[in-house]
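Letters A, B and C mark the chains as written, and numbering starts fresh at 1 in each.
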Amino acid sequence: MKNDPSLLEVLRQQGVSRRGFLKFCAATASLMALPPGMAPVIAKALEQAHRPSVIWLSFQECTGCTESLTRSHAPTIEGLIFDAISLDYHHTLQAASGSAAEEARMAAMKANKGEYLLVVDGSIPTADPGYSTIAGISNLEMLREVAADAAAIIAVGTCAAFGGLPHAKPNPTGAVAVSDIITDKPIINVSGCPPIPVVITGVLAHFLTFGTLPKLDHLGRPLAFYGNNIHDRCYRRPFYERGQFAESFDDEGAKKGWCLYKLGCKGPVTYNACATTKWNNGTSFPIESGHGCLGCSEPNFWDLGGFYNALSEPSVNTGNAAAFGLVAGAAVGAASGIMARKEKDNTSHAHQKVTVNDLKRGESQ
Amino acid sequence: MSKATLERGINALKEQIDTPTAAFFSSCVNCGLCAHACLFYTETCDPAKTPIHKLEPMRRLWEQEYTLTGRIRKWLGLGKPITDDELEQWSELAYQNCTLCGRCSMVCPVGNDITYMIRKLREGLSAAGHAPDGLIGATTRAVKLGSPMGVTLKALEAQAKHVKEDSGLDIPFDVEGTEYMVLLSSMEIINYPEYLQAIAKIFDQAKKTWTISSEAFEATNSGIQIGTSDIAAELVQRVVDAAEKLKVQTVISPECGHAYMAIRWEGPNLIGRPFTFRVQHILEVLDELREQGLLQVEGVEDGRLTFHDPCQLVRRGGVIEQPRNLMRLVVDNFVEMKDHGKMNWCCGAGGGVSAIEEAEEVRLKAFNRKKKQLSKLHVDGLVTACANCRIQIEEGLEENDMDMPVIGLTEILANHLVEKETGGGSSA
Amino acid sequence: MNIEAVLLWIRGPGLGLALGIFLFGMAIKLLEIFLLGRKKNLAAVRSSGVAAGFRTILSRSLPPDGNILRRPRFTFIFGYAFHIGLFVVMFFLAPHIEVSHALLGLSWPALPTPVVDVFTIISIIAMMALLWHRLTSPLLKYLTTPQDYLVWALTFAPLLSGYMAYHHLLLPYTWLLSIHIGSVELLLILFPFTKLTHAFTLFIARWYTGMMAGQKGVQS
């Protein structure tokens, strides 16, 4: 589009020193599990990178993802990186509105055909397209339209990645994930409710540096951030091992910082970087604040059987199935048992008294 | 005309299967521990002789007839029907290779009473005509002649005469209203007439009234061994009738294991009503007399002696301490075998095995267990309380060139009775 | 369907299904046993046999003579090791207690995980030893039926997968947890229709054996 300043120039304008910038690159390299030698490469690539065009579509979402990415406590390099991309369309952040906004989108799509990045937050309703529309265009239609010429799609947040909260039972809107609709484009799922900001910038940095997407796990998430299990990295793990569990949020165990497994922590089945990168500029992460992990970066985390129920507990009420089994079993068992008993009683009736003359086989043999 | 058929056998077997049986079959985990408790396995190492395996046809029948899954399998044509050939094969396991000694039932970790089921299996085998000839013969004699060995009243009367000559004591026949009615086993009458004299002396000293019924003196119940309740009931009924006719208080089962099992524990169940009199084993009576001070003995045996528990008496009958109390009365140097009391090892001849000719080889092999126990103990003699055990042990010792007297406990006690002016017997 | 969805199904509807089938089968099993009935004992008993019955229920869990090193040693040692290990793992691992808490409202103190871990290893080793024994001992080879191997595998799978899940071996935890819970569900489903029922029916078996012996004056 315009003759944009390079990323480095923008950062300079924002008062970021080169030192700080290199530090960021090194941190990004290590976060993405790249060899340390990659930091200068990243720096170089970023310095020269021109602001890529990004179209951001928000569907059935709560804006939490955007909040997470933009409202960091203090301005950060991650936040600045955001200033450094050409965010050509974003409901919440753009100044334009109405048809002007839609025109901007169309223009960006046209100018950067096949090169722009599409970021999506929110799930897509399929039960009735009218459940969520933007400028009279249904989410489904808009997604298809914008995705068609995108270089890659970043599904930000668990809603876009896996359906998220709108997808939770009974899913009245028929909400689905981006990957349920778009199957012919590279999709990176940056799940989390909301996702960690640095993950987004890391993915962007990777894209800008190498022109490719980072390595993904089986759920399409960047392995560098989602390769580790919360439970494995959790500082409360020793308490788990020792069998020391908080039984309620205000008991002695909770005060002593014991493991939150019994209070419903889903850390053991959650893959995310919280335990290492933490939140709020590295202040803490949920378990550190005394609350179990909700498993927010995992598909269906809303339906994992209650946030405060232990992971080993059944995720649905099994009482009915058990009661049904018991009653049916009792009925069948009674029938079968009575049949057997009848059969046995018949043998008593059929019993012919055995005398000593009956002990040998007859000549009929 | 003989009428044993496979159908009758299966019918009888199905009639026998009950709640405990179903629980037992549901519980077995094929751990094989019962094998190590059974002398027929330990002395032959033949896995087919594993106690629970002796019940395989019965287990299958239970599964096919009395469980839903089994019935479905049978209905789908997946069940394996029970055949005559199979029963014939299992007859050898259930009769020749089991003395119903009950040891397996003591060790099974899930608590199966295997012996209880083998007794039931015999019910089906005999009704199907697969009982061994030896037992059929014995049972026929028991019903027709009143004794499995064909011992007649005449023979008993002759023995009674001997006792009179020897000790001057009368053997009272058919006396009404006595406290005790004594039963005898054929083996005792023929092989160990000393027993009768011992009883006479003891009761004489204790001043107890007793009698023998000329109509029902035989205690051995071949019906139990062959496993035909109908016949066993007939034999029990004879004793019950006699006891009730003579209005005795207590019927005494002789020194024989199975006789005790038959009259004491199976008897009322066989005839379908409780008895109106008590039943005691002679050792129970003697121990009672001892407690009451009515058994006055003097002198002790000088040898090192041990006691062989007859299985039906101890493990299957509950007479455990009495023989020990009585042994200590007259034996100074009384030593126990390592496994004794309710965990004793069977002699190898009970449960009808001694009546089966074809079982002779395995019976003597099974005796090796007792032989090993005895050779470890270095005793001068062995005391027991069952004529059947006694014959087996004597035969086994002879076979193994071991020289050691085998004596009945009642007899030993009689030998030590305090001499009475009326008595003419000898004392040790 | 991804593994997360599988785990979700296994933790929810799958568990309900397995529990339902388990209870269905056990109800049949127990009714079939009890409805067969048994004749009343008419002999003059030495005692009611009730106390003896209960004592046998307990005493058959102890080695005869109180000596674990009894013959056949192998079966005794590894039989105990396996059962004790399994018992500890089943009932004293915190997550397992949570299941009971959720299903029945019952809970009790857990053992430290490394302790449970040791018992798991004991159990696994003992089970492998018992399998080896079954495959090599002439006596056991003779007695063993295909079902014995099936039952072995059904019991072994939860132990092994549980161990692997705890140690994050080979597969991601979500997979292992799914396999673990799934294998338990398979166990539950086949339980009533195999000799696994011994875990329950042995109480009935011991009771009758103990009671009948007790009536005769023998503590079996």
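Criterion: a residue touches a chain if its C-beta (ideal position, glycine included) is under 8 Å from a C-beta of that chain, and two chains touch if they have at least 3 such contacts.
Keep in mind that what you see is a predicted model, and the values were worked out from it rather than measured.
*Asks:* Going by the touch criterion at the top, tell me which pair is linked by more C-beta contacts: A-B or A-C.
*Replies:* A-C
*Asks:* Measuring from CA centroids, which chain ends up nearest the centre of the complete protein set?
*Replies:* Central chain: C.
*Asks:* Using mean CA coordinates as chain centres, what's the gap between subunit B and subunit C in Å?
*Replies:* One centre to the other, that is 38 Å.
*Asks:* Subunit A to subunit B: how many Å between their CA centres?
*Replies:* Each chain's C-alpha centroid was found; their separation is 76 Å.
*Asks:* Distance-wise, how many Å sit between the C-alpha centres of subunit A and subunit C, to the nearest whole number?
*Replies:* Distance between chain centres, rounded to whole Å: 38 Å.
*Asks:* Using the touch rule from the top of the page, what residues of subunit B touch 2 or more other chains?
*Replies:* Subunit B, residues with two or more chain partners: 17, 66-68.
*Asks:* Show the residues in subunit A shared as contacts by 2 or more other chains, in ascending order.
*Replies:* In subunit A, 332-333, 336, 340, 344 touch at least two other chains.
*Asks:* Please set out, as single numbers or ranges, the residues of subunit C touching at least two other chains.
*Replies:* Residues 28-29, 32, 34, 36-37 of subunit C each touch two or more of the other chains.
*Asks:* Which subunit A residues qualify as touching subunit C in the complex?
*Replies:* Its residues touching subunit C are 218-219, 229, 231-232, 240-243, 245, 261-262, 268-269, 271, 298-300, 303-305, 309-318, 320-322, 324-326, 328-330, 332-334, 336-338, 340-341, 344.
*Asks:* In their shared complex, at which residues does subunit C touch subunit A?
*Replies:* 2-5, 7-8, 11-13, 15-17, 19-32, 34-37, 94-96, 98-99, 101-103, 110-114, 168, 172-174, 177
*Asks:* Report the residues of subunit A in contact with subunit B in the complex, numbered from low to high.
*Replies:* 332-333, 336, 340, 343-344, 347-348, 350-363, 365
*Asks:* Taking the touch rule as given, give the residues of subunit B at its contact with subunit C in the complex, in rising order.
*Replies:* So the residues of subunit B touching subunit C come out as 17-24, 26-33, 35-36, 41, 45, 47-48, 50, 52-53, 66-69, 105-113, 116, 264-269, 272-275, 278-279, 314-320, 342-343.
*Asks:* Quick one: in the complex, what on subunit C touches subunit B?
*Replies:* Touching subunit B from subunit C are residues 28-29, 32-34, 36-39, 41-44, 46, 56-57, 60-61, 64-65, 71-72, 75, 79, 137-145, 148, 151, 193, 195, 197-198, 201-202, 204-210, 212-213, 216-220.
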